[in-house]
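Have a look at the structure below, then the notes.
Chain naming follows the written order as A, B, C and D, and within any one chain the residues start at number 1.
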């Protein structure tokens, strides 16, 4: 009987307080919609940044004069070097074949194979790429760098702008993290704020209830249930809009692309679950807590 | 007398309605803070996407056998081709010198200059890069492509993944535009919502004022002024937090980087102006409009 | 129907007001009040007294019939002229309707401020009327810091402060003790003597009996009685008036 | 000080309550009310009647002195026991304090719901008490759709519905016409006859005179009079009681 009473109370209250109820719902909807839009964006951005970072390689070019024994020695050496993650050996013949396949026209112009044997070293962590390069070719006292093995011709980053990639991706990651944090706290704040306000509009009502002999929890339960329902409705609205957006916009115009460029996005089902749970939890808690002030009669 | 009266009324009302006033201010602060954080991020992202797109080039490699007369002819031809924006001629000697400077070690390994004369064509619009390539080397009936001039060896995009760059940057731009729109409308909605709620809490008061003979505008002005003040205070708070964030985080940790990677960011002063004006305008308007409902007594 | 008399301040002609199903506010009410009259409106609870008042201040619209105040048909007052019309009325509301965020002083001052009076005028008039209603010590209290009777007196002070040509008072003494009630009635009488038309809804039978003024009685929205109770003495001084009110039992005609 | 009598339901001992500067709520009030008594609380507006009531329901805390109800010191009731204490009281508030979002029926039912009564009990009791207070036709109206007197009767019904051992009524007839007032007083009397202690604050001098019950008079927060007015007849039937109230003038002792 108790639960059904509280439920009926919550429904009555929503019906009779259309304005604040609607306002609370709209706030949940809007903030959850924002969250639902930003979470995949943030994830995709971070994913993209990470996959760019994964491409940071250190290429160790051997001298064209290197013999197989030299190659083996260098390989052993590299295996012992700290920060070396994956190690891939590309023989000069393999490199030539690969390049010729990629740029047939261009390589037609070349005569003999100009490419050396190469080790492609993936650092254990992209941030260590520069340290690794320095370890393999430490700066010489005379200036310039001297590779640690005489068979090594050059140690290079795949792209000359590794440094730039690293800082930019780092920045992107920090920025998105900050934005996500700001957005989440903003959502919580905004929802709590709205609920506080709609409680405030019913301050008098709560006072009267107390004077008539209602206990704190007797007053609180309907409000918490109301908050839960409103939060669920708002979150549901957000989910429906997100779903519509996905079907109408994402799947239609970016068909096939999203899966390519944003493989790290959370699945849609999980996103929905997050949005729903977030909306409901924040609203329910907010209602329960905001009420405390007005219960002190 | 009138203005000072309205001003005093607004101040009194803020003092006596601390909860809703504070709530309205907090909402403005939070939303404006979000806007203030996202505007530069959106701008930087769009800027970065644009600068990536600018790098989309079509390279026209001439045959090594091309004579200066051939080069001149191709140049004239290119000038007449639609979608050609900027045209840059790089002679094979210049290309060799440039490459050798960039990769001295690698080019030491090469013997003779393997590079051909090249035209670097910037399309008038990055989106036309593929069309341009097709125009310069239309597909032949027999399969494959045949360049429009016999001296042209190959027509290539600088990067093989032009298509990918284009779609990704397009997506980034659309996404940020959508996010910006969502965020701005969400801010307006949330602020309007909060104001509506705090008006609702004073519905009775407005009704009494009307019964005592106050005109609509006599009631409305103090509310609008109050909205303006609260909006200004909230926006000011957001600006102070943004400024703190800039000084403490951005300038300290990303020193020098932001200016490099995000050259298109709005200047901080303009951002402040936008945030302030936005907060004030939305709050003032919101107050004036929300009141309309309750004035119909 | 008799033609409307030119000097009628309030004129109701067949006014009906129904709230939803069943609830009758007013039912074919017809009467007229002349300028300078003092009229009591009596009737059981729910008989339509407040409805009549709310129709007069155009808070409600009648379903049928015509209401004229000072010759103007209320139905013809457009929405944005309503505030100007209301400024000619002083209204004591049954539930006081004080502004919760204003002090006693500011509540009363508000009625002057809406009409654009200067601060000087406010400084002159407000303390005066508050003294008359015995609220001088409560100047800076907010309504929720007042006793019921004090709130009622603030409502009365606000209605009086403008010296309106028409005064409507809905149960102005419901929360007042007999002595204070007599004070308020004395005030009403004094205001009436300056030419103001006064309409008072009340349940205080003793007061009505003693005042011997015109009485309109409502029953379920209908006017069932409309008579000047016996000895209608306009030229009595305020002091004589008060003396008579304090006389306990309703007695036979006295020093007339 | 005399020792507190064991059968006192309400006991005030030197209770003082001051609001901020100057405003005196109660000043050294000392009195006791026995079980089953019917007591009138009178006094000018602002004399502290509502303050006394609010202290009794622990809405306010006294600055000094001790209040005991049914033998319990109110100061010793901890915060989360207050609701349970309040359920033993029926309170008619001067400003009604109805829940604006509930119908008449639900407002009265709420007082039963807080104590966890079943729906069956509510279905039994609420319509009964609403019939007694003459609100049967207004069951599904919201408070803002009621006349002042009807709202007051809802407040009375809510206070009665629980059959509380102690009933506090602050101006229960301020907005009621004489006939309805007698009805309400009759109801109070009937409830009192079942053993309930009743404390009524009122300005209705006529009623107090006719009821001939104990009267406590406050003036500026002090108890200045505490007496049983003459002929205290506990065994009068409700009908005789009503008859006597309707008799117009306060007369000499009648059929005793």
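The rule is simple: a residue touches a chain if its C-beta (ideal position, glycine included) is under 8 Å from a C-beta of that chain, and two chains touch if they have at least 3 such contacts.
Remember, predicted model here, so these are calculated numbers, not experimental data.
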{"item": "Any chain that touches subunit D and subunit A", "value": "none"}
{"item": "Subunit C and subunit A - chains in contact with each", "value": "B, D"}
{"item": "Most widely separated chain from subunit B, with each centre as the mean of CA atoms", "value": "D"}
{"item": "Distance between the centres, which are taken as Cα means, of subunit C and subunit B, whole angstrom", "value": "65"}
{"item": "Distance between chain centroids, defined by C-alpha means - subunit C, subunit D (Å)", "value": "30"}
{"item": "Subunit A and subunit B, separation of their C-alpha mean positions in angstrom", "value": "21"}
{"item": "Interchain centroid distance [CA atoms averaged], subunit B/subunit D, Å", "value": "69"}
{"item": "Residue list for subunit A, restricted to those that touch at least two other chains", "value": "none"}
{"item": "Where subunit C touches two or more other chains at once, by residue number", "value": "none"}
{"item": "Chain contact graph, described as a line, ring, star, complete graph or other shape", "value": "ring"}
{"item": "Each pair of chains that touches, named by its two labels", "value": "A-B, A-D, B-C, C-D"}
{"item": "Subunit B-touching residues of subunit C, taken from the complex the two chains share", "value": "57, 59, 80, 82-84, 86-87, 89, 91, 93, 97-102, 110-111, 113-116, 118-119, 158"}
{"item": "Subunit D residues within the subunit C interface of the complex", "value": "19-20, 22-23, 42-46, 49-50, 94-95, 137, 141, 145-150, 152-153, 170-171, 174-181, 203, 205-206, 249"}
{"item": "Touching residues (chain side subunit A, partner subunit D) in the complex", "value": "1-2, 5, 12-13, 16-17, 204-205, 208-216, 218, 297"}
{"item": "Of all residues in subunit B, those that touch subunit A in their complex", "value": "19-20, 23, 26-27, 30-31, 33-34, 37-38, 41, 61, 64, 102, 105-106, 109-111, 114, 116, 153-154, 156, 160, 167-168, 171, 175, 178-179, 182-183, 186, 189-190, 193-194, 196-198, 200-201, 254, 257, 261"}
